[in-house]
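Have a look at the structure that comes next, please.
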Amino acid sequence: MLRLHELTMRFGALNAVDGVSLSVGEGERRALIGPNGAGKSTLFAMIAGALRPSGGTIEFDGQDVTGLPEHRRARRGIARTFQHSSLFAGLSCAENVALAVRARRGLGMRAWLGSGRNMDIKREVTGYLDLMELSEERPAGALSHGEARRLEVAMALAQQPRLLLLDEPAAGMSSAESARFAELIQNLDTTLLIVEHDLDVVFAVASHVTVLASGKVIADGSPAEIKASAEVERVYLGTAKEIWC
Amino acid sequence: MRHAVLALLVLSVSACGGAATQSAADDSTIKVGAIVSQTGVYSALGDDMETAMKLYLEGHGNKLGGKQAELIVADDAGNPETGQQKAKQLTLENKVDVITGLIASPVAVAVAKEAGAQKTPVVIANAGADALGGPGVFRVSYTNYMHGYAAGKYAVEAYGKEGAVLMGADYSAGTETLKGFEDGYTKAGGAKPIKQILTPFGKTQNFQPYLSQIPSEAKFLYTFYAGGEAITFAKNFKQFGYDSKIKLLTCQNITDEDVLQAIGADAEGITSVGLYSPALDNPENAAFVSMWKAKTGKNPSVVALQSWDAMQLIDKAAAAGGSLSDALAKVGEIKSPRGTFTLDADKHNPVQNWYARTYEGGVNKVVATIPPDPAS
Amino acid sequence: MRESVMRGGDARMSRLTRRLAFAAALVLLAAMPYMLDAYRLDLLAGGLAYGLMAASLAFLVGHGGLPSLGHAAFLGVGAYAAGLTAKHVTPNVALQLLVAIAAGVLFALLTGWFAVRTRGFFFLMFTLAIGEIAVQAATRSTRVTGGDNGLADIPPTGLDVVTFYWWALAVVAVGFGVLVLLRDGPLGRSIAGARENEARMAALGYHVTGVRLAAVVIAGAVCAAGGALVEQKDTFVAPTHLEIGVSVLLLIMVLLGGRQTLIGPLIAGVGLIVLRSVTSTALGELWLLVEGALFVICVYLLPNGLLGRRRAQAA
Amino acid sequence: MSLLVTAFDGIAFGCLLFVLAVGLTMIFGLLDVLNLAHGALYMAGGYLAFLVIGEVPTSLAVFIGVALLAVVAGLVLGGGLSVAIRPLTRRGHLDQALLTMGLAILLSEFLLQVADRGFHSLAAPRGLDGSIAGSYPAYRVAVIVAGLAIAGATFWIFERTRAGALVRAAVDDPEMLAASGVNVRRIRLSVVLAGCALATLAGVLGGPLLNLRAGLDTEVLVLALIVIVVGGLASIRGAALGALLIGQVQTLGVALVPELAAYLLFAVMAAVLLWRPAGLFGRAT
């Protein structure tokens, strides 16, 4: 479904992302981990379309989408959440999700006045909000950090994406919240690419893990292989261990 | 429910708006509606107009044609939409017998249209748009065309038969006056002006770039500017040394009272062609100038003179009795401080002398008289 | 139940009272010809036209988050389109209105296509440039627009004051209704989304500049309809109808009325036009001073304007 | 040759535009307060000078004295403005615009009532009222000198002095500055006062060039807004460049393309906004 080929991003002399090639198959749940500054967020931004790569190509469903602007990629079925939650603060949760649903259904003539079709849109909105345990009426600006992260995911799901990009969804969550969050993510059936620091969430959710360090892929495999790999431990888990103890 | 309450509030304001009296139109009084600019760019001329009209009434026992006169002044703010609204108010509510004033041409066009619909005669005291005039519309000022035409005729003798360059603000008053000049000049034997330079109206703070476009072979320059632009032009012309490069003939507005003080010394020696000068020696002018100086301490401007004559026209027409519109058309000769003039039969524009004047020692000295020309 | 922001269950009730209030106001306005004389009815018709144009600007500024200082250009486009149609094509006011709206849409697409590429204060200044260029175009294309003396000899509409008032009231009611429907409809929600957060809208798959352009086109078309009414009332239009002073006046009506609503600016529009006529008649040249004082007082006493309510601000 | 004079005249006009616009870019750029009363403050400076010295040439000393008087008036009006604006600092540009528009109407109409509604123009001071080599007004050269002096002073204060550093810090991170014990409110007040004083000073400097009349406040405000938008907000350098560019557009541009003269000013601004949506020197906000 998603194939990156020699993807590179140069900021002046620094190669934040240096020739990364990887592919994510249909239904796979790929996690992207690595120490700070490994280029995870930059890679994520390039896939989502917010950043134009300096080199290499991105293929989605066999088509080259490297140059495609963000909103056209979303139309093709790539949905994303934001690292620092970016919501419609002045609008209610229901409206936030409704905008996502309506984006997918297109703004045809009927959509201008579309009161008739409002009913089934409303049902869909309620479905996603219940999935993420959020009340319909509260303005998005008044949500707690955890609730805001869940609304982000609800909106991404409302786009019924074929590929869901999650940018550190568990960041800033308590362990209880992130555990609950991992459960919610687990029973999603879309293809997933998640960038995350919280390794509990990573190993609970991911079916395949890629490890990045200073812009390069240093390891790639099942969660078990990654845990056991000495190379990863040296570069990545070693530093993580000091944090823990 | 707040919306309905508020809507009610607003509408009640409009219901009682304009507490003008609704006195029945008895014929012992004559109501004159004067639409002038009390705010906006033309407000200086508005003050002159209002003062002149009130001065005339004071001097004539507040009577016009033997009837008690009531002058109602309305502010058009220099805007045709507001002017038309005031015309509706004056005709529908105040039931005025005649509308006068009208400084800016767009306002005069809108008001003339409205007054025509309400069957109320209009006496234009300033606006120069050529198109104005006709049944029910009378003008005591001038048309832009005749203003330029007279200058063109004069220029042939005084400035020579060729080498004329025209310069003016790019709006109807400017282009119509310059067209009049071209016709007057060529009909009197002058060659076709070699260049016409138009400057954006109301947007020009600096004339140097335009003055620099005057071709070297030009012999004299005729310009049309009014109000603020007249000041900027006169000062730029002198300060950039063009007064030593080319002879200048201007329209009457550049050396008129409202701008002379601001132009100051740079106005000295400027020759212009206008329909009036405070220095004209005839009994009516002597009386008018002394009354005006007593009231304002300054010489009367062209607008003041024209407003005085507007009242004089209404006064003579009201004296004849009957329908005011018909009476206005049959007034015949008017003894004005500018000299005697009449209104032409179909467009009711003034048939009058024009005067070449040179500004020296604080007054426009009359140097030549250009008799009325039926062609203009 | 629409998705607009309403506290808890009273959404249905409040929408009902709003509809009731709107109907009551309509009935009251319809009764005006029996309560007002010709001059005041004509003044009210003009006030309603300006109220509709203020509401269309509120749709752009308040709902769309796109502050404009050149909205009078649409008044001009509508007025000249209607005037030229009356002069050269048909005296039928309805057809003139359609031509005016079409001209408004075209002008909105032409200029909005560029304008929506700017943001915030720079969008404000870009619209100021559009407005001023429109004034110059109207002033200088003398053969078509009659230049600075305005479009002369437009044939009368043949409607007397009362009939014209009904026509204006109908156009304003329909125009206002369209604005409300569009604001609360799906397109209106996406325009609100573009106002709140452009990056998120792009991530959802919206063509953000397209959504903003839609807001400009809707506001422009409704304002052009208002412009047609202004022209038809007096059968006269001149470049002064679209000068910057009018754009400022429309923006002031929006701010006084409360930019989060559409009804507030409509009422402020009618009120300001009527007030100007009353104070100008009563106070002569001092009316401008009174108006300046009114703006200052309203900024302090009515922080959200006449009818505005603080939108659900972020926590 | 005359195009050279036109270009030089463009510099003079640019200098006036700079003095006229720099106060606005300070208050708007640095304090994010949209002051639409800027044109009325300019008008106040001009009318104050007119009421004091009328329209006859005075000695240079008297003219400078009147200019200083205008600066004092600017400081007083600036104090009033900062008090009026304080409740609105968190209410966004549109509310500030409505307030300052109201204040502008009140101030300009007051000036017209006190003086009169006619056209007035300050006379250049004696010694500067003639023309150099009979073809270039000496006063405009003085405007260039004054403009450069004021530009130099504002650059120096902002770039080199501690006060300038404090102002720039107050713009970037008011909370941090306040935390370090600096009275941020006093800094903001001084910026408002400086901005308004520059506006009234510009009124006197421009008195002999732009006529004093009803409607002058709107005309000057639009010119100032165009200059700071083209130059880029919140930068003195931007205001300087914007002023010089617009100065040339209004002189050289008009001389080269006379038939487009009416559209030029706004077409240039629109073009700059499309090319650099935050102005030439502006940071994309």
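For clarity, chains are labelled A, B, C and D in written order, and residue numbers in each chain start from 1.
Methods note: a contact is a pair of C-beta atoms (placed from the backbone, for glycine too) under 8 Å apart; a residue touches a chain by one contact, two chains touch by 3 or more.
Please read all numbers here as calculations on a predicted model, not as lab measurements.
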item: Chain centroid nearest the full-protein CA centroid; value: C
item: Furthest chain, CA centroid comparison against chain B; value: A
item: Approximate Å spacing (C-alpha centroids) for the pair chain A, chain C; value: 43
item: Between chain B and chain D, centroid-to-centroid distance (C-alpha), Å; value: 35
item: For chain A paired with chain D, centre-to-centre distance based on mean C-alpha positions, whole Å; value: 50
item: Interchain centroid distance [CA atoms averaged], chain A/chain B, Å; value: 74
item: Per-residue overlap in chain A, given as positions that touch at least 2 other chains; value: none
item: Touching two or more other chains - residue numbers and ranges from chain C; value: 136, 139-140, 285, 288
item: Where chain D touches two or more other chains, by residue; value: 109, 117, 262, 265
item: All pairs of touching chains, each written as two labels joined by a dash; value: A-C, B-C, B-D, C-D
item: In the complex, chain D residues that touch chain B; value: 2-3, 5-6, 9, 13, 55-57, 109, 112, 116-121, 123, 131, 133-137, 139, 208-211, 213-215, 250-252, 254-255, 258, 261-262, 265
item: Touching residues on chain B, where the partner in the complex is chain D; value: 39-41, 43-44, 46-47, 170, 197-200, 203-206, 208-210, 212-213, 227-228, 231-232, 235, 238-241, 244, 258-259, 261-264
item: Chain B residues within the chain C interface of the complex; value: 1-4, 6-8, 10-11, 13-15, 17-20, 38-39, 43, 73-75, 77-82, 84-86, 88-89, 92-93, 105-106, 109-110, 113-114, 117, 129, 131, 170-172, 175, 200-201
item: Touching residues (chain side chain C, partner chain D) in the complex; value: 61, 67, 114, 117-122, 124-126, 128-130, 132-133, 136, 139-140, 244-245, 248, 251-252, 255-256, 259, 285-286, 288-289, 291-296, 298-300, 303
item: List of chain C residues in touch with chain B within their complex; value: 17-18, 20-22, 24-25, 28-29, 32, 35-40, 42-44, 46-47, 136, 139-140, 142, 147-150, 152, 156, 230, 234-236, 238-241, 263, 267, 270-271, 274-275, 277-278, 280-282, 284-285, 287-288, 306-307
